[in-house]
Structures are given as structure tokens and as C-alpha cells.
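Look at the two complexes coming up: subunit A is in both, with subunit B in one and subunit C in the other.
Right, the complex of A and B next:
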């Protein structure tokens, strides 16, 4: 860390590289060529998860790789994910760790507006073209056009089913292309005495996945996002139409929708008791835990097209990343670590440690993927617009307390739709300005 | 003759009543014990059994694997130590301060005696979640005042103090009730013999308070041991949190293995259960303490 090394800042070199169009390949070699970073001091890092799970081991491996490169020690701690989310504002105002795993969307943008997160625009710029424009767009705070999170991984929400069930029913096991196909699948499975469309909405958020995708299929991505940010009305006939479609699925659902959570849905599919379900594909390891056959049987496709105008151009794919606390002890260190997570070296370290997440960076090498993981990539690739899931696309005090119960009451009593939507709009209107 | 018949009738009636009460109590005993038995039952079954065959399925495997895994994953030694760091000073300090206030309130008459006691009791009624944000900011601001944010926040001292603050009201209430049952004459003779206020408290009253102090100590140890809330919000570093938060280590962002969690819960609950059986006498006396005079 001598002064002579400050002659050329690594960051300015990188920026130059990106601007000059040399590309990240050159940037990468420059990164590797720079032995020590100009940032010093220990960096504290929060992992959302428990220390014994795979995610923590991967995070520690990435942090170790950073230490090896920069010489800065990273002190990692694992905390319960829910606790961290729920106390986030307090934690950030107290003595926060410098960097931590976080979620893009409202949860980043609103906290950035409150001054709790550090600006990472320079780091995102330094990562340059390895991040797709859509990913950078997704990580950008609309209020000031800056980025407060380095996007790293994401996963698709899609229609999950067992290929064997489809074959038994005489349907194409690799695709469900249209709404009619979906209904056909539901009817056929129901005739067999199974649940057609599995849904568990005890937590209030699970059915948001179905709502999101129906809205994006029927009315398009832009309408969906505008609706969630108060620019469109919940009482709009277009929204009514979304619920009408959801209503068509209700007869095919299990009877205990409000009594089971997402893991109840998973179990229905795992135990071959249902046709299809709309879900985030994080649960595949449970199939693998049961048996290789069960895992090989599992499949995911984009939710079928309903409105040809929008096709299957949108998807819910929650984007995770690394954010940096504005009140941390070592903000510059945190920023550098966050950037490392998004770089080729960081991703390589994660993959070497056994990470099966899908990285958003073009530096990510997916050659070792199995069929299911490749299908996940295909599902993501089919979409042009990426939503982050309802509870990340809208205000936190609207998603959980208002939309969740609204969908629940609709599932319980579809006839009350007008009242429910009026109520939802009224509650949005009553929210205090941020 | 008639008296015997009446006695027999009376006896039969009593017997029927007893039987009815036994069934009634038995029923509620089962209701109360069911969740505990179910937890233990769950903890013996592997996760894979549950997701493959459902919660109510006939068990394919029963073993202690969940316990071994929970032990490995929770890092119990560290968390138990943390609990010790919080519980021991908090209980001792609460009992000391509580007995001091109780002593003054019950042995000396001030104008504000009753209102003081009321204040402490009322503080006890305040739901602690309401005070969460103010306590948080208080800790941060006091820390900033001394140039060290971690003076109280994210520090054992802070957790100990907040427990003392919330428990001292109850301790005062119980101890002052008990002290009122101690004859005034003892105090009077101590004062006549020339005992100072502190000697009066330390050498005369405190030895007499041994039974309520023991009972309270046991109760408070359990309460503070079970606390999760304060440790969660006032400790930003997980490695400093008590054993109750070790359970959170068993829950993932999406997937929670409830069988493992059940095993963890049994492990964490065990010390309090053992404590209860060892010190049962103090527990029971603690429940009725000071209830005869108040």
C-alpha cells in the first residue's frame, strides 16, 4: 500500500478499458495484474443464511478469494435471512457490516433513497459489458439513476411439472405453450383424481407468482410495473381480467390452498399428486435429495402465452446481489469486495465452491450444467423483460400487508372481486408518501 | 344408621366428582403435552421421509440423526456461553437492585412509596415491543455521545441492562410483598441496636430474603434464557447472540428442515426443563410468593 502504487488507480484503468471498448477480457487481465488494491482494512460481510448451508460456504470461498487477491481480511458472519430483512433499517442505522448479500428492486431503491446504502455506480461501470443492459437496468434506482447493488445471481419463476405425468396423459412433456394447453393439462390430471394446478398461499406471497405472470402475460410488463407503482388503477378492467383468469384455475386447485405454504405445493409435486405449479425453481435440490429419477423427471417451462401481443416476453426472476452499507466502517473496502463478487474471479471462486446459481454476468460459464439447469437458462432466455417478483417490485408496506391478503381473499371467495379490488386501490391511495 | 348411609352417599358423590375432575385435568394435560410430544416425534424423523410421504405418514425411519446434525450446525458451545454472559449478570443485578428498592419501599415510609411501587409495576405491564425503537435509538445516541456506537448497542452490557430494566419491576413487587410479611420488630430492634441503613439491609433483611431470592432467581433465569427479542434487535453480530438465536441458524432463506429445527428446539429447551426439575420446590414457591400479603 505504498504511495507509489497510487499513481494509476485500478478503477480508472478499468473505466478506461470499458470506455475504450477494449472489453472486459482486457479488464480482467488488468485486474489480475494488479497485485494489491489501494483499499485497506478489514471488511465485514453479512451472509443471509446459515453457516452450514451451501450458500454460506460459497460466500466464504468468494471472500477468501478476495482476501488472497487484495490482502484485505474479510470477516464473514451468517445471519437468519428473515431476521436480517425485517430489521434491515435498524441494522443499517446501527453498526452495519460493510457489505452483504441483498435483493435488487424496491428493497434496495427505497433504502438507498433513505441514505442507508452506498452508491455503487462506479463499480457497476467498472464491470462494464459483462453485465447485460437488462441487469444494470434492473439494479438501477429510478429516483436518481444510480446503482446501489452489484447484481450477481437470479432464478426463474416458471411452470414446474413432472415429465412423466405429461407422458402418461399423452401431452408433450417438454412444453406447455398456450393457455388451452394448460387447461387441458389441468383437466386431464383432475380426471385422474389428482390436483390440476397446485397452489399453497398460506404465507400470502406464493400466489403472487401466479398473479404476476398472469398480469404480465395478459397486459404486458409495463402495465404490471406501473400497476405496482401506483401509475395504474387496481380497479382497471385489465386487472379484473387477470383475476378472471386466476379464477379459471381455482377449480383445478387443491382445496387447502390457504392452509399450505410453498413447501406444501412442492410436496404435492414431489409425491406425484398434482399436474403443474407456478413457482421459483429453488427447490430442485429437494427432488435430488429424494432420488435422481425424481430430479430427472422435474421440468420447468415459461408460463404459457395468453395474449399474443405479449407472448412469453416477461418473467419473474428475482435478482440478488451485493450491496454496501453507507454507515459501515470500511465503505471503500465494501465497494471493492462487492465489485469482486461481480467479477470473473469472484464468479469463478463461487462456481469452484459448488455454486449452482445462475450468474447474470457474461463471464459465467454454464458448461457444467445438467438438463434441468440448462432448461432454467432457456426459460430465462425466452424473456425480454424481467420482473423481480411482486414483493420486490412494489413498496414493502403494500406487497405483504395489502396485496397478499387481497389475493388470499380472492382465492377464498372469488365473487368478492370488485370489493377486493376497490379495497386494494383504496389502501394504495391511503399509503403515506415515501 | 342414617348417618352411615348419608356418609356413603356423600363418599360416592365425592368419588364421582373426583373422577370427573381427573378426566377433566387429564384431558387438558394431554392438550398441553401434545405439542411437546409432537416436537420430539418430529425430531426423530428424517426430512426426506416427511417431504416424500407427508407429515402424517407412517414413519419409515426413526433415528437421532437430527440431533447430531443440529449439534454440529448450531455451534452450541459459543451460544450457550453467550447466554451465560447475559443471564448471570442480569439475574444478579436484577435481584440486587430489586431487593434494594423493595427494602426501601417496605421499611421506610416516604410520600412516594406507593407511587414508586406503582411505577415499577406499571413498567412491567408495558409491552416490550413498543419500546423497541426508542431503546434502539437510546443505545445508538448514548454510544455516539461517548464516541463508541458499540458501547451499549451490539454489546452484552446493553442486553444485560435492558433485561435488568424490564425485570426489576417484577422483582421489586414480589420482594416488597414478601418483606411486608417479615415482622417489623426485627427491623426495629436492628435500628435500636444502632445498625446503619445498609447494615440493616445487608445483615438483617437479606438473609431473611433467601427463599424469595432463590425462587425469583430461578424464574428470571428461565425468562432471560428464553429471551430472543432483545438479543435479536440489539445485537448486530450473530456470534454474540444467545442460544435461542442458534435455532435461527437452522432455518434457511427458503428451505427450513422442520425436523432438524425440532431437534434443535428440544436441545435448547433441555436446560430449562432440567433446571425446573432440579429446583421444582423454588418454582412452586415462586408462583405463590407474596400472594398472602400484599
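Right, the complex of A and C next:
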């Protein structure tokens, strides 16, 4: 197994983007002067999700705004997100849509290396200083130093809870600073008959969020990324330690971890059945869809410190954006549309359509953020190192087929840990060179 | 001698007009061609690819791996043996529980026991559903927040663990799969039983044979063609099992089957030719027993 350089060097700090939104609204002149469209022809756009989703409506609004500006028609079609991801390679080799919402990290870089995605370096350059250097670095393919995705939004993984529940219990998660505090919080919640640490791992990826943060807290960001890229061993006592900590959380988990998926976790919180849970903030849209009251009740805090050496300096914050298919019919059109998504006009259109996501661009006026979004920014701002989540930080043929089942096996039977880690390392060693 | 044979040849050739020959060629040739293009060619390519490293994108990236993928599966992937075990459980369950139950039902319904029309309908209904739909139905019943959990007054937080409980989930899945399989076998067997001459059974009854003796010595042998179909269907259904489990567990190999492993390694972001190797293993498992069985059967028939 050769050490792959993918995803190691490029990502360090997206923090700049997080705080950059403040006070930069005045700098929005770069794109305001953009001339009329240079390209012609219809552009096809893939929306990952259902047409009825809030996200789809937002995407259509942005595409409409582009049409109004450029005169080029955008044909948007919605596809099942999982299907699109699972068949991505096949779709890209066939007759793909020109542009689509996509995820930075391994999923972009490996496909760019295979020649499936169009080079967007010129568009990223045109967006200029509205994208922080860190965001651009996060979107850069380490193999050739080019960008194949226009970074637009991102979200933090953190401990989510309902303020009302915690108040009722007389607890304050914002005050938890250490691992012992977290355990005490879980104990107290459990004592009141709620789930202490909600987790669902039926999908095989949800618990990766807990693994990521424990590894980053205990062993630091660099060890985490090195581990995921084969430079450290899974049999290392440091990794054993990570699982031992995860094991300490098991008594506080719901008894049906392998029966529920991420949406089950969401429902646990929505129905006030649990205390805290480790999750990415994207599900907040569903709280808003339920009611404004539920949304206002939602809060996020960083996972507490475990090892003082690393403090709370790292976080998983997957970066999303727009990519363009190399085999599309209208590649130039796709590129222009992707750039539009990253521009002030594009972001304004998205926000006007009700998007609550955090935008990377400093063109975005963050003064309109609600309390929860500001808290997300604060959580992001607390971290120095940003991971993209395990399944974007390591090889695709390792994350899903190997790490996912390994964590499930551990949750099923924690006593098998040594065997599980030996096997995980053996499977990494058996992977072919990329 | 020679001329006679030649004459015969000419005669037989003449019996087919040009039109006939064209029709025959079309009826045999087109399916054969399609079979070769869409089945045999991909199968051969899969076999070849199973000996390579490849991420499924650029043909130029294919690298020879020798038997590395197989070595990895047999010696480095414990989930393979779990999948093999689950497929074996599936096969044994279908062979010794579901299929005999289907046959028993068919036999009883054929004897027109009281309420046989009702039973026939009840057991037939699941057969019209695909296993994917059945997966959706029972997943909705059993999952946390599902119907049955709701009836028992369990919410998501304290729902009884079923799909994630490894003491029972195998039996639940087998039960759900049998729900359809029993009806399917019943239907096939019922159709066969209708074609068995009832005078045979009357004769055996007059001779004083018990029900069991009649079934074993008279009905079962008379049902030979149907029996072959049922054995083959039971084996194939067990080995190709996929959709039901995929609906419940997705590509996470929480309850692995060989087909799930094929899919997991072929689809998604993790394309590797380990998937091809799994597919070849499955092919060998499928083709082996069926060929052996069919050969044995045809040999006997020739005698």
C-alpha cells in the first residue's frame, strides 16, 4: 500500500472563512462588475435530493437567478442523493449534467484525478478574495494544485441538544469543558430517563463522527489524518485508546444503536428523548421545517477537551460546493454557473430562497444569521484544524467497506476490539496502490 | 448406407422452407446473440477483472493483481465468512423449513380442506410483491418508530432492537423472506398437483395406502418436473438474496450477504475489483450445485 498524499496537506484552516464573513460585506465589488455571459446554450444541473426539499427549491432559485442574469436556460433535475453518489463514476462517464452540488475532499479529488471533473481553477481565481485562502486550500486537489469544486457552504459536527430539555434537567452543556463533564452530563440525562448519548449507526457512517472527534481530541488532527491515509497504524495503542473512550459512551447510548440511522437520531432529539448527540448541523433544516419553535430550541457546542495537548483545536466540517462534469455537453456553461453559485448574486438568491447554511464566501452578509447559525460559526471558529469527515478524508474503498463495519462490530461487541483493529489494518495493507 | 444418410439429410433440409429457416435463425440466433452480448461477455469480463486492481474509471489504469483479490477475501475479510454463513442459513432455512411448508400447504389446499380458498388467497398475496417491497413493508413494521413498535407503545428511544439485535435478526429476516417464499412454492406446487391424475390417488387409497405413503410414493414421483423447478428456485433464491436485506440495511454490511458485498464493492465511492471477485465466487456457488443437480436429473431421464 503506497502512502497516498490525498487529503493531507491541503486542509488546515477554514477558520478564516468562518470569521471572514464579518465586516467584509463592503468588499463585494469584485463580482459586481461581472460582464454579461460569455457562454451560450442550455445548462443541465443535477440537484441531489427530492424536488420537494427545501434544498431543491433553493437550488432552483439560484439557477433562475443565473438565467435572469446570463440569459442561459438552466434545466434542473432532482435525483436521489444516495443513488447519485453510488453511481457517480458511471454517471460521470456517460452523459452527465453539466454542474451539480458536490462534496470537497476525496470524493472530488480522486474523481478529478480520473479526469471526470472539469478544472475550475479560473473560476476560483475569479471569485478572488471572497474565498478565504483556507477555503481555497480545502478545495484544492493536492495532486495537481488545481480546484475542481467551487466551495460554497459548510457545517460543523458538534454536540447538539435542545436548550429546553437541558434547562428542565438543570444542566448546562455550554459549561462542559472536559471528558468528565461530558460523562457527568450523560449520567445526569440518563438518570432522568432520557438517552444520555444518542447514536444511530445503522447506516454505518454516523458513528464515524464520534470516532473522528475522539481521535482528534485524544491524538490530534495530524495523527487522525495520517491514520486515515495509512501513515499510522490502526493497531497503535493510541487508536485502541480512542475506542476505549467510545466504549465509555456505550452505557449511555440508546439500546438500539444499530437499528436507527441518522434520521432516527434526529427524531430522538426532535421528540425530546435524548440529551446530547454528536452530529453534523445540516439536520437543523428539518427542525426548521417542523416548526420555528423547534429550530430555536436547537443548540450546538464543541465536543469537550480530552487531551490538553490538543484542546478543542479540531473539528469535522465538511465543505460542500458545485462541481462541473468534464464530459458534460456544456462544460463552459457549467463552469460559469458554478462560479455564479459562489458569487454574491448566487448567494443572495439562495438566502432569499430560505437557505440557512453557512456560506464560505466573505461576500455573504453574516449579519443576517440567526442565533443558531452564529453559534455554528462560533463552534467552527473555536477550531484550528478542519477535517472533512472520515468518508471524505480517506479512500472510498476503505471508509465504507472497512471502517464502517469495523465501528459497527465494535458497538456490537466491544470485547472484540483487538481483532477488529488487527483486521482493519490488514485490510488497509491489502488495498491496491491508487 | 452413405446415400441413405445423404438422402435423409437432404430430405430433412428440404422440410424447412427458406422462410422457416429464417424464422428459426431469428428465433434462435437473436436470443443467443443477446445472451452472449449481455450475459456471457460481461460474465467473462467480470472474471478477468476479478484478477486485477481497478477503480472502474480509466481502462488504462487496470493493473494485474493475480489472485490478490481472492487472497484478500479468503484470508483478510471476516465479513466474507459472515456473508457466506448468512447465505448458507438462508439456503438451509428455505430448503428445510420454507419450501416444505409451501409444499405442505399446497397439498392441503389441493385436498380442499375447510377454508382452502381463503388460505390460498392469504398465502398467495405476498407472492405478487417483490422482495424489495416486502423489505419496505416489514422494515416499516419493525423499525424503531415503526408500526409494531408503536402498537407496543415503544418510541424511538426505547424501541425494541430487532434489526440491530444479533440474537434474533437472522430469524426475523428468514421469517420475512419465507412469508413470500412459502406462497411462491405453494403456488408452483399447487399448479403441479392439479395436473396429477386423481385416479392415481384414488387407486392408492383403495390399496390401503396412508396419506403419507400416497404422497411419498405416488404424488412426489408424479410431480418430478415441478420438484426440479422447486429445488432450483430454492437454491437460486437463497444465493441471489439481496433486495430485502438491502432495503433494511443499505450498503452497510450490518447483515452481510454475498450480493451485498458485490454491490458494496462495485457501487459507491469505493469501487474495487474485490467486487468482481465476490461476483465470481457467487457465480461458482450458483452454477456448481445447479449444474450438478441438472446433470444428475437428465442422466436419470435418459436412462
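The definition used in the following text is that the second predicted complex is superposed on the first by the 381 of 434 C-alpha atoms of A that agree within 3 Å, B and C clash if a C-alpha of one lies under 4 Å from a C-alpha of the other, contacts with A are read in each partner's own complex, and residues count from 1 in each chain.
As a working rule, contacts are C-beta pairs under 8 Å (C-beta built on N, C-alpha and C of every residue); 3 or more make two chains touch, one makes a residue touch a chain.
Quantities reported herein were computed from a predicted structural model and do not represent experimental measurements.
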{"item": "Touched partner set for A:48, first subunit B, second subunit C, both or neither", "value": "first"}
{"item": "Touching partner for A:427 - first (subunit B), second (subunit C), both, neither", "value": "second"}
{"item": "Which of subunit B and subunit C A:286 touches, first, second, both or neither", "value": "first"}
{"item": "Broader residue contact with subunit A after superposition on the shared chain, subunit B or subunit C", "value": "C"}
{"item": "First, second, both or neither for A:217, with subunit B first and subunit C second", "value": "neither"}
{"item": "Touched partner set for A:344, first subunit B, second subunit C, both or neither", "value": "neither"}
{"item": "Which of subunit B and subunit C A:91 touches, first, second, both or neither", "value": "first"}
{"item": "Contacts of A:271 with subunit B and subunit C, given as first, second, both or neither", "value": "both"}
{"item": "Which of subunit B and subunit C A:398 touches, first, second, both or neither", "value": "second"}
{"item": "Contacts on subunit A seen with subunit B and repeated with subunit C across the two complexes", "value": "87, 90, 93, 267, 271"}
{"item": "Contact footprint of subunit A on subunit B as seen in their complex", "value": "47-48, 51-54, 72-73, 75, 133, 136, 140, 149-150, 153-154, 232-233, 236-239, 245, 248-256"}
{"item": "For the subunit A and subunit B complex, residues of the former touching the latter", "value": "48-53, 55, 77-83, 87, 90-91, 93-97, 262-263, 266-267, 270-271, 280, 282-283, 285-286, 289-290"}
{"item": "Of all residues in subunit A, those that touch subunit C in their complex", "value": "85-90, 93, 106-107, 110-111, 114-116, 194-195, 202-205, 254-260, 264, 267-268, 271, 273-274, 391, 395-401, 404-405, 408, 412, 423, 426-427, 430-434"}
{"item": "Touching residues on subunit C, where the partner in the complex is subunit A", "value": "53, 55-58, 61, 63, 65, 68, 72, 76-79, 143-145, 155-166, 249-254, 264-265, 267-272, 274"}
